[in-house]
Amino acid sequence: MLRLHELTMRFGALNAVDGVSLSVGEGERRALIGPNGAGKSTLFAMIAGALRPSGGTIEFDGQDVTGLPEHRRARRGIARTFQHSSLFAGLSCAENVALAVRARRGLGMRAWLGSGRNMDIKREVTGYLDLMELSEERPAGALSHGEARRLEVAMALAQQPRLLLLDEPAAGMSSAESARFAELIQNLDTTLLIVEHDLDVVFAVASHVTVLASGKVIADGSPAEIKASAEVERVYLGTAKEIWC
Amino acid sequence: MLTVEALTSGYGQGQVLHEAAMELPPGKAVAVLGRNGVGKTTFVHTLMGLVKPWSGSIRLGDDELAGLDTRQIARHGVRIVPQGRRVYRSLTVEETLAISSGPGEWTIERVYELFPSLAARRGHRGDQLSGGEQEMLAIGRALLGNPRLLLLDEPSEGLAPLVVEELGRALSSLEGMSIILVEQNLHLAVAVADEVRCMVKGSFVYQATTAEFRRDPAAAKEYLGVGS
Amino acid sequence: ATQSAADDSTIKVGAIVSQTGVYSALGDDMETAMKLYLEGHGNKLGGKQAELIVADDAGNPETGQQKAKQLTLENKVDVITGLIASPVAVAVAKEAGAQKTPVVIANAGADALGGPGVFRVSYTNYMHGYAAGKYAVEAYGKEGAVLMGADYSAGTETLKGFEDGYTKAGGAKPIKQILTPFGKTQNFQPYLSQIPSEAKFLYTFYAGGEAITFAKNFKQFGYDSKIKLLTCQNITDEDVLQAIGADAEGITSVGLYSPALDNPENAAFVSMWKAKTGKNPSVVALQSWDAMQLIDKAAAAGGSLSDALAKVGEIKSPRGTFTLDADKHNPVQNWYARTYEGGVNKVVATIPPDPAS
Amino acid sequence: MSLLVTAFDGIAFGCLLFVLAVGLTMIFGLLDVLNLAHGALYMAGGYLAFLVIGEVPTSLAVFIGVALLAVVAGLVLGGGLSVAIRPLTRRGHLDQALLTMGLAILLSEFLLQVADRGFHSLAAPRGLDGSIAGSYPAYRVAVIVAGLAIAGATFWIFERTRAGALVRAAVDDPEMLAASGVNVRRIRLSVVLAGCALATLAGVLGGPLLNLRAGLDTEVLVLALIVIVVGGLASIRGAALGALLIGQVQTLGVALVPELAAYLLFAVMAAVLLWRPAGLFGRAT
Amino acid sequence: MRGGDARMSRLTRRLAFAAALVLLAAMPYMLDAYRLDLLAGGLAYGLMAASLAFLVGHGGLPSLGHAAFLGVGAYAAGLTAKHVTPNVALQLLVAIAAGVLFALLTGWFAVRTRGFFFLMFTLAIGEIAVQAATRSTRVTGGDNGLADIPPTGLDVVTFYWWALAVVAVGFGVLVLLRDGPLGRSIAGARENEARMAALGYHVTGVRLAAVVIAGAVCAAGGALVEQKDTFVAPTHLEIGVSVLLLIMVLLGGRQTLIGPLIAGVGLIVLRSVTSTALGELWLLVEGALFVICVYLLPNGLLGRRRAQAA
């Protein structure tokens, strides 16, 4: 469903993403791991449409979307979370999620909605907030870090995307929350691309792992294959391997 | 060395810390654990003066810190690695480190040794760094102050496992620096800290040495909600 | 207005001037002159106790119009005067007309102003330029004129008047007209540099701050040695002369007044003004003085003030005697060519009124 | 030939604009405080000189003395501004704008009360009041020299020294900077003082060029604002480039397309912003 | 319980609004012609200030060129009166249409800039509009203004009621739009553009919608200003007027719409009173007022920072 071909992003002399080709099938749950600065977030930004690639193409659902603006991609069903929580700080948690719900339902530019529809939206919003254990009224700007991370995820889920890009969703979540979270996304039936340094989450969720280093794919395979790779151990896992594997 | 007694604080009308208390011997590291939103960040921010204490006392050596402003607290030898990194976005790595360094054993070179990827990005501005690189910069910035007391608020967030490991080694090897380490990464917390505190609803409800904590899965289950 | 006719013992004059804003320097002169007139005449106009109510237009027509409403509806003034900037005068004249209160314009020069209920003791921009045009033919020759001025109605109307006065007196069509953005020009060099080399002389219109900058630039960039200059009266008016300093020396302008005019009214006016302010009176001061004089005379005649204002006839002004024309109530007056020398605008020629303007 | 003079004059004008605008860019671009009293400060410098030396030419020494006096006045006013603005540092530009607009009205109306509402001007000092070769005012050459010197000094301080990095850090995250033990207040104060002193200095420098009158504060403020947006708020370099560009627009530009002169200044600004929405040297945030 | 409170206060708000409307409608029985005229002008400015608050406070788009919409509305209404029809309602519609058109035309470019740069860009639009109005002498009468607009034929009292009705409806429309989905989207674009795009919103479009709404309502206010005086000049479009509107917004509190409306009426009336009483010193007093207000009313007259519930 997603196909990257020779995708490249240059920042000045730096090739942050360097000719990445990758394809993700429908319903697949793919993890993207790699050292800091490997280019994972940059890759996400390009897939979502926030960054224009310096080279290469992005195909979604068999169509080339490389030149498509970000909001059009979102409407086709690509949603993402941000590594640095990117919320509507002055608005309540409920309104944060409601913006996502209305966008999905194509109601964002309506001048006015009847109270029936409004109730409907409200009910849906409450559902997502409960799922992530958030209260409705508090402004997003007053959340603790971990709570903000959860709202981040709630909004992406509310988009009900066909392709969900999660950039370190569990970072900042406490262990209890991230365990629950892993369980939650295991049961989602969307196609998933997840960047995460918390390997508990990665190996609980992923059906397939791609390893990026210095902008290039250095390994690609099943979780078991990745755990076994000496190269991955050397550049990324270190002795952490012993703890998790 | 650090004695916190009956510390309360919060935001506006909302109280977050309820009579939090802790003692930290010189040169020791204590890990502060707890679920999201219990008040860990508020606790370290209050120590740093970024959130004003409502009541209670914070003694560092012979000095009372409660009521001082952030700069004065910093001058008493306290540094923080804040949650969410908060690097200076318009300064390059090099500039950030330059304006943060004071006399002491931590030098810019040592920071670069600890985090080689920072050295490779020395000309990048703060907002041109990856998340993990920003975290490294924030840690380097704090270390360069050569603090007596170092407050780390989830420093492992966003760092690759290999780097977390290095960080753990580095923190363990710091001589004479007292450390308060807020962490979600239990492996790191346990590797670095001498003692463990768990926070629930703004107070510390559990205190143990790291060795005791390792042998006490019930505590982890009760206060942190982790199953294993 | 009609209501106040009941109260015969006092006459209320509403003066709409700029107490704040870019024209407030002129507003100060206006207020001072009007008060000076009243002081000198026992606080009476036409034998009645006079009350002067000054209102600030802040240079803005909307505010001016609002003040006109206030003066007519609340204060029930018998006449409105003052009025520095033309847009304010246009708006105020409109409002006063609706309230049937006569207006005596003490400065604004817009050509369109004047008519029933609206009287003007200053000038029209067109006349101002026209007189200069006529003079230029004699003194500067019949060809090679270049016009330069601020690009707003006062500027373009004055320049148009000049062109007509000049060509009707036998001059050739000016070879170039240079317009500079009004109120935004801090530097005239780029415009001065556009003067064609075949030009014989330059006629300009600038007032206030722009007059200072223009005069200084003209001299300091050496144009005084390249081309002859004739200006409107505002460039060497008393309110800017001090600021221009030595660079004003030798500038010839055409205006309706000079403190150096030799007549008894002027002698009295200048000495009174000097005693009050220590300076020579500006044109605006003179016009404001005459506005009061006109009202004084009309009030003395009795009856409806509007009608009386139209019938005042000759006014003995420090500028010399003048009358208002019957149709638009604009002044029919002499103009003077003045050269600034040794601290005063010396009158070098008198240009009689021209019925064609 | 005359276009060359015009272009040269554009440099002189640009140098004055730089001295006028650089203080604004420091306080706004570097400190994130929108100081709409900047024009009134310029005016204060000019009126102070007018009140002390009047409108007749003085010796160069006296003129420089008065300029220094204006700098002192700028420091004093800057101290006041810094006290006034302190409670608003985190309240956003619009609140700062309202406050500084109020202060600007108070200051400029006060000046007009003390002097008078008339039109005034400063004379260039003796020795510089003549023209070079009878066709270019000597004083404008002096303005170029002064402008370049000030540009060099501010550039060096803000972009090449530790002090400059500290200032930028104080904008990015003052709390974290304080948590490194730095006295953020003192940094902010120095920047405000320097910015204000440059404004009053510009008032003296520009006195012989722009004259003094009611409404001057707004006029120069708008010019300064245009300079800093065109250059981008990021840097001294931006202010310098913006000033030189606007200087040329106002001279060479209006000479080349006089028909568009009335639109040119604002049209150029709009065009620059369409091309680079954060100014020439600015970066989007 | 919280929800109950919110509903209660909403009800009180509506009651207060209705009461104020009744009181205002009764003003012709209490005020003389001049004061009524002044109040009508104040209401028109209040509506324009509210429209600017929609843009600045709600949309996060600080405009310094809002007077251009006033001017567009005023000229459109004035020219319609002069050349087409004496019907004030038709003039108003034409003014609103002109406001929308002008908003689309200029907003299209303006919304590509942000924050302070938006402020300066709109300043440029405003200045260019002033120049255009000044220079189209044949149509606009140039800098001396469009003086020959025929009278509306309404007496002071009738005109006041007309103005009050327009202001009430215009303000109601602003409030409804703010609280509807589009209004929420505009708030979202103010808070976080990157996220809005990621959610599938066309951020530029949302921002443009904010400009159009504010522009249309402001143009309606401009039409009232023209109809009141049957006069309009380029000075109506000047920076000074834009600044005045912005000050009304800040004094009233930019988080609300009603605050700027009240501040608009208040400032117009206050200016008239102080300048009558104090002469040239009124400006000093106004400057002092701004300074005092910044300190004493950190969020403006009626501004409370409140989060919006879904």
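For reference, chains read A, B, C, D and E in written order, and residue numbers begin at 1 within each chain.
Methods note: a contact is a pair of C-beta atoms (placed from the backbone, for glycine too) under 8 Å apart; a residue touches a chain by one contact, two chains touch by 3 or more.
These numbers were taken from a predicted model, which means no experiment stands behind them.
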| item | value |
| --- | --- |
| Set of chains adjacent to chain B and to chain E | A, D |
| Pair joined by the larger number of C-beta contacts - C-E, A-E | A-E |
| Cα-centroid distance, chain B relative to chain D, in whole angstrom | 44 |
| Chain A and chain C, separation of their C-alpha mean positions in angstrom | 73 |
| CA centroid of chain A to CA centroid of chain D, Å | 47 |
| Where chain A and chain B are represented by their mean Cα positions, the distance between them in whole Å | 28 |
| Shared interface positions of chain D, touching two or more other chains | 109, 262 |
| Residues of chain E touching at least two other chains | 134, 283 |
| Chain C: positions in contact with at least two other chains | 20, 24, 182 |
| Which chain pairs touch, all of them | A-B, A-E, B-D, C-D, C-E, D-E |
| Chain E residues within the chain D interface of the complex | 56, 62, 109, 112-117, 120-121, 123-125, 127-128, 131, 134-135, 239, 243, 246-247, 250-251, 254, 283-284, 286-291, 293-295, 298 |
| Chain E to chain C touching residues, read off their complex | 32-34, 37-38, 41, 134, 142-145, 147, 151, 225, 229-231, 233-236, 240, 272, 275-276, 279-280, 282-283 |
| Contacting residues of chain D [partner chain C, same complex] | 2-3, 5-6, 9, 13, 55-57, 109, 112, 116-121, 123, 131, 133-137, 208-216, 219, 223, 250-252, 254-255, 258, 261-262, 265 |
| Chain A - residues contacting chain B, complex | 11, 34-38, 41, 83-84, 142-147, 150, 168, 171-179, 197-199, 235-241, 243 |
| Complex contact set, residues of chain D against chain B | 162, 165-166, 168-169, 171-173, 175-184, 234 |
